[in-house]
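In the part that follows, the structures are each spelled out as structure tokens.
What follows is a pair of complexes built around chain A, which joins chain B in one and chain C in the other.
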Partner chain A sequence: MTAPAEPLLALRDVRVRIPVAGGAIVPVDGVSLDVHRGEIVALVGESGSGKSLTALAILGLLDATARLEPGSRVLFEGADLAALREPALRQVRGRRIGMVFQEPMTALNPVLTVGAQVAEAVTAHARVPKAEAWARAVAMLAQVGIADAPARARQYPHELSGGMRQRVLLAIALVNAPALLVADEPTTALDVTIQAQLLDLLRAAQRERGASVLLVTHDLGVVAETAQRVVVLYAGQVVEEAPVAALFAAPLHPYTAGLLAAMPRAGGGRRELATIPGTVPTPGAWPAGCRFAPRCPHAWARCTAEAPPLHDAGDGRRARCHLVKEPARRAQVHAPAAGAEA
Partner chain B sequence: MSAPLVEVRDLAVRFPVRGGWLGRVTGAVHAVQHVSLDVARGETLALVGESGSGKTTTGRAILRLLEPSAGTVRFDGIDLATLDARALRTLRRRMQLVFQDPYASLNPRLTVGEAVSEGLVVHGLARGRDADARVAALLEEVGLRPEFAARRPHELSGGQRQRVGIARALAVAPEFVVLDEPVSALDVSVQAQVINLLARLQRDRGLTYLFIAHDLGVVEHLATRVAVMYLGRIVELAPTASLFARPVMPYTQALLSAIPVADPGAPRERIVLAGEPPSPAAPPPGCVFHPRCHHPARDAACTRLVPPLEEKAPGHWAACLKQPPTRVDAATQRAAGGTAAPDFVLPIAALRSRGRAGTAP
Partner chain C sequence: MTAPAEAVRLASGAQRAVLAPTTGSGGLLARVVRAPGGAVGTALLAFVALALLAGPLAWAPDPDRQFELATELLRAPSAAHPFGTDGVARDVLARVLAGGRLSLALAAAIVVLATLLGTAWGLVAGLAGARTDAAMMRLVDAGLAVPRVLVLLVVLAVPGGESLARLVVAVAATGWFGVARLVRDDVRRLRASDWVLAARALGTPRREIARRHLAPHVAGTVLVTMPLGVGHVVALEAALSWLGIGVQPPRASWGTLIREGTDVLVQAPWLALAPGACLVVVVLACTLVADALRDALDAREGARP
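Now for the complex of A and B:
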């Protein structure tokens, strides 16, 4: 698809700082990314990559100790959300940006019926008579695939299954027809058949309502089936960005290549899986130079000495790797290494 | 073929349901019913299914960490129900469990060395310097340096903790290991390391695995055979390649079709199941899957007759009245209200074969 010039959401140099004993860590360290109108963008990373903090930073939901550093910009519909105060942010959250998180039990209020919670999302942002808010809530619950919605709306969260609660959260997120949906691991806690139903709903929201989605996930299968574009995070930085087909066909960053090779997949037989040696470094213990260098099968002296910038590789692709600008060396290491074990 | 290492026949586990403010027993949840399976020496039998399918309960009942309410479990020909506590404890050395969450399963106050040597000491296999040497060798075998013996669980990453959990299970030199979602909590890059480790240990030590998992990609990679559970019953049991290429039970077909494929170009054909699994406290009569089934021949017989787990192709067992061959003949089905003749359907065959073409190296 051809992307319009003005993105719906643009993160520019987003840095999150958290004070710790004896200093501070920066688990999100200069993240820039765009989400265009009607686009599903996957934000991919392992634990400690900073993907969930990035999502929270967009929504102004960082906890009290974490701070967006000056210079971080979250541009959405002409405003810099990073510069807004809480009352103004609240008008954006839930109205223009919907959100869904992984844990459906903790995100719902246990003492309110689910219908009341969806209706509350309506009345929080518009002067609507109670009866109409309730009617909209029930209609929305039906749209997210809850059978017998009028009766279910009167139930409490504990009476519903995990998949059902996640649908309720999606209904809350979508009821005000937001332009953007931020979904952080929305299907991770769910069974695979229920996950398939939920991902269908996300795609339907995009197709039928023109909503944009920022989908935070660690699951590359979900990415391949849902997103148009992918942003890969590693150790607090964007390391690769590409249209989904290009990323899976020919990843540019050795970390992305390693992740794809490490996935057990159909037809792979019982061969040894390719692995990435070592573990994801924790914020505060990031290596000098390229942060992936200690685990990279292709690293050479330059990689530990000099941090690579996020190079533009053409065709909407970017990669934070010296190899992008070293065609001769790149040709030599084209195939990802296999079989290394920590 | 030699006798199976583990033989399970008609296993059932019931949990009491308590109701009212007095907490009286008002009913029972049949968490597992009529489960029969063999685990051959040296194989990996995967037990898959979604939440509430009874796969974890089955694994624990086989190890007798849970008391079955019916059925028998034989280990190396020995009926576990006939053993007294002492004999059972001795036998336990030969059967071990690796948990999903290595953090929760390790005592935070014990060092890695103490945790790994605990089994050695309890079973009187080694002590003192001898135990220390065995611990160092075990840590090396699971890919950890010997100095890890002095560390405590909170100093380890998730992958390192799972390696410790595996070393701890292996310390007593078991023959049979129940792996309960051993890689589900790990990041992709670390998950691959642990999967390779499990495969290597099985080769080196001749281990037999019961591998409980919900990630079907991992299952396809590791398992020799796969048993699919739904609402407490085994609905299909087949060699891995056969199960993935030609799933018979309509639930298995839907489950396989729901796996996201990490290939954006792969054609998608999905059987979207209506609704959610019913509660195990009130399983539907007849075939437990009938309320959500997409089989075109589904009829009243499915709502009344419990389909037997029967051999549909050599080594490939499935429970479905409508997927021939079946010994529940047409007359019996008609007598139960059936109107449609059994007729084999494989709606996702095309998907699986095409999906594979692009991913094989």
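Now for the complex of A and C:
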């Protein structure tokens, strides 16, 4: 599926450690993933799976206490961002990698006009006259679909709707034409209709500018609409990785299957939505063996005893489940589970 | 990274940002004046300032001039002496005007100095690492815990006579702790805000983040504390003068005037009443302005739908 070309972004064994009273937790525990040029990759997981921390770690934006462990590599355009110091990282942030944040209400400074905040992204990386930075900001705002951009640019964030603010955030991320866009739950705070418009904009950015997108989300609907490849995170680890169509057709990991079953579907009738029993274990309280085993309907003795590796399942698919290598048991599991669960 | 000079630069840049006009609803000052409380407060302050500055032109007597002791001693208010005369036959109105000029000048100097000190301290602590921050803020806690008037008694009661400079420095040096704590908390909170994270994510240099994203908010906080500080310091100066360690007679300040007046409160109540009333008016006006200022800043920052 994926070409052997060098990926634009490659996370290798990324570990984030946060010291806590009496030790340390590792909420991101050895995440590896690739984003190729022009590709939209979705990073999916429940709250607490470590997906947002992974996104922040790419740009070295972890807060003061959290640390990337030695050995973590963030390979981007020939450099290891994890090894770069602050001034060099600043050259990458906003210029080569744009970041879109989750909360359009709080990610904009309330006392600066939105135009000034887009222009700030321009002047942070280029010595251009103020007027030119402003002109580029206004043009960018128009490109992300803000009507009457010259007037809107002079307004403050509180004078704009949530959807417009999210467009402003997107404009800030795109104004320097970055090679990669990291979008952390960009649609979570928005109405469904606005969500769809924003996803269109993301896809347009990919199509027209050739930008790659790492889309962090918990919303599988968003994934199905937007991404080409999906990486599923659970308890700080990648549990499954697959092209989007294959993943939706036949998930390999029981966790992914559970997530899909929990999705409301049009025409599904008035059935109760399936849920995955229990919650994501908190970092520091991860079970031995497979981290999903306590919640897994198919777990057996081996699962609690031995942590499964991320098996390669062919066709660009990987899954962290013993079932991948036990075809007999897998057939047995899938036969009755398919209808009975629903 | 933030020396006091840097802080001053930050603060002044910030004020410009805060005072910049907003779209639609007018500038900050316009908002303050439009609010009912703000209008009253501003009008009162303007009236007091006008009276203090232009008063001597309309009301000529030298505040130190003694009128005829035999006839003009402790006279009740009259046409000749609208606020009456004091125990050595001086015109009380002239003395209240002169005292007000001194009291308010002292208060302004003290508040500016204390605000600069506190802002610088708070900025450094807020931007510093956890340990430096803790050490600096424990010192502020200590400063707040020690009774201020007691410290001032010790510092100002040294022999060598009256020194207005020493008074300003001493009162300012014991009055910046509250501002420092406010600024530090603001900086800490803002540092963790999403928009600062967003600014970092787009590669904005740290100094630029401090200037564009921290300073305007901090300036808002600081701006609100200043009028409140003026009211407080005028009252404190009066208290110190009353204790005999502030402004020394025969020089007039509202504090010394009240002190002189209390000695003869029963025979000549106007002596303490005139400067006392002025003090109340100024403190009240400052409070009203600070209140309106806070609301105006709030409306700008908040306005959360």
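We adopt the following convention: the second predicted complex is superposed on the first by the 330 of 342 C-alpha atoms of A that agree within 3 Å, B and C clash if a C-alpha of one lies under 4 Å from a C-alpha of the other, contacts with A are read in each partner's own complex, and residues count from 1 in each chain.
What we mean here is this: a residue touches a chain if its C-beta (ideal position, glycine included) is under 8 Å from a C-beta of that chain, and two chains touch if they have at least 3 such contacts.
Keep in mind that what you see is a predicted model, and the values were worked out from it rather than measured.
**Q** Quick one: classify A:63 as touching chain B (first), chain C (second), both or neither.
**A** second
**Q** On the A-aligned overlay, A:222 touches which partner chain: chain B = first, chain C = second, or both, or neither?
**A** The answer is first: A:222 touches chain B but not chain C.
**Q** Who does A:108 touch here: chain B (first), chain C (second), both, or neither?
**A** Second partner only.
**Q** Quick check on the superposed pair: does A:331 touch chain B, chain C, both, or neither? Answer first, second, both or neither.
**A** neither
**Q** Of the two partners chain B and chain C, indicate the one touching more residues belonging to chain A.
**A** B
**Q** Quick one: classify A:285 as touching chain B (first), chain C (second), both or neither.
**A** Once the two structures are laid over each other on A, A:285 reaches no partner at all.
**Q** Which residues, counting only chain B, touch chain A once they are in their complex?
**A** Going through chain B, the ones touching chain A are 50-51, 143, 157-160, 187-193, 195-197, 199, 214, 216-218, 220-222, 244, 254-255, 257-266, 268, 270, 272-273, 275-276, 352, 355-356, 359-361.
**Q** Please output the residues of chain C touching chain A within their complex, sorted ascending.
**A** These residues of chain C touch chain A: 17-18, 22-24, 129-130, 192-195, 197-205, 208, 212-213, 216-217, 300-305.
**Q** Can you name the residues of chain A that touch chain C in the complex?
**A** The contact residues of chain A facing chain C are 59, 61, 63-64, 90-95, 98-99, 101, 103, 105-113, 120-121, 124-125, 154-156, 158-159, 169, 172-173.
**Q** Over in the complex, which chain A residues touch chain B? Could you list them?
**A** Residue positions touching the partner: 46-47, 147, 161-164, 191-197, 199-200, 218-225, 244-245, 248-249, 258-260, 262-270, 272-277, 279-280, 341-342.
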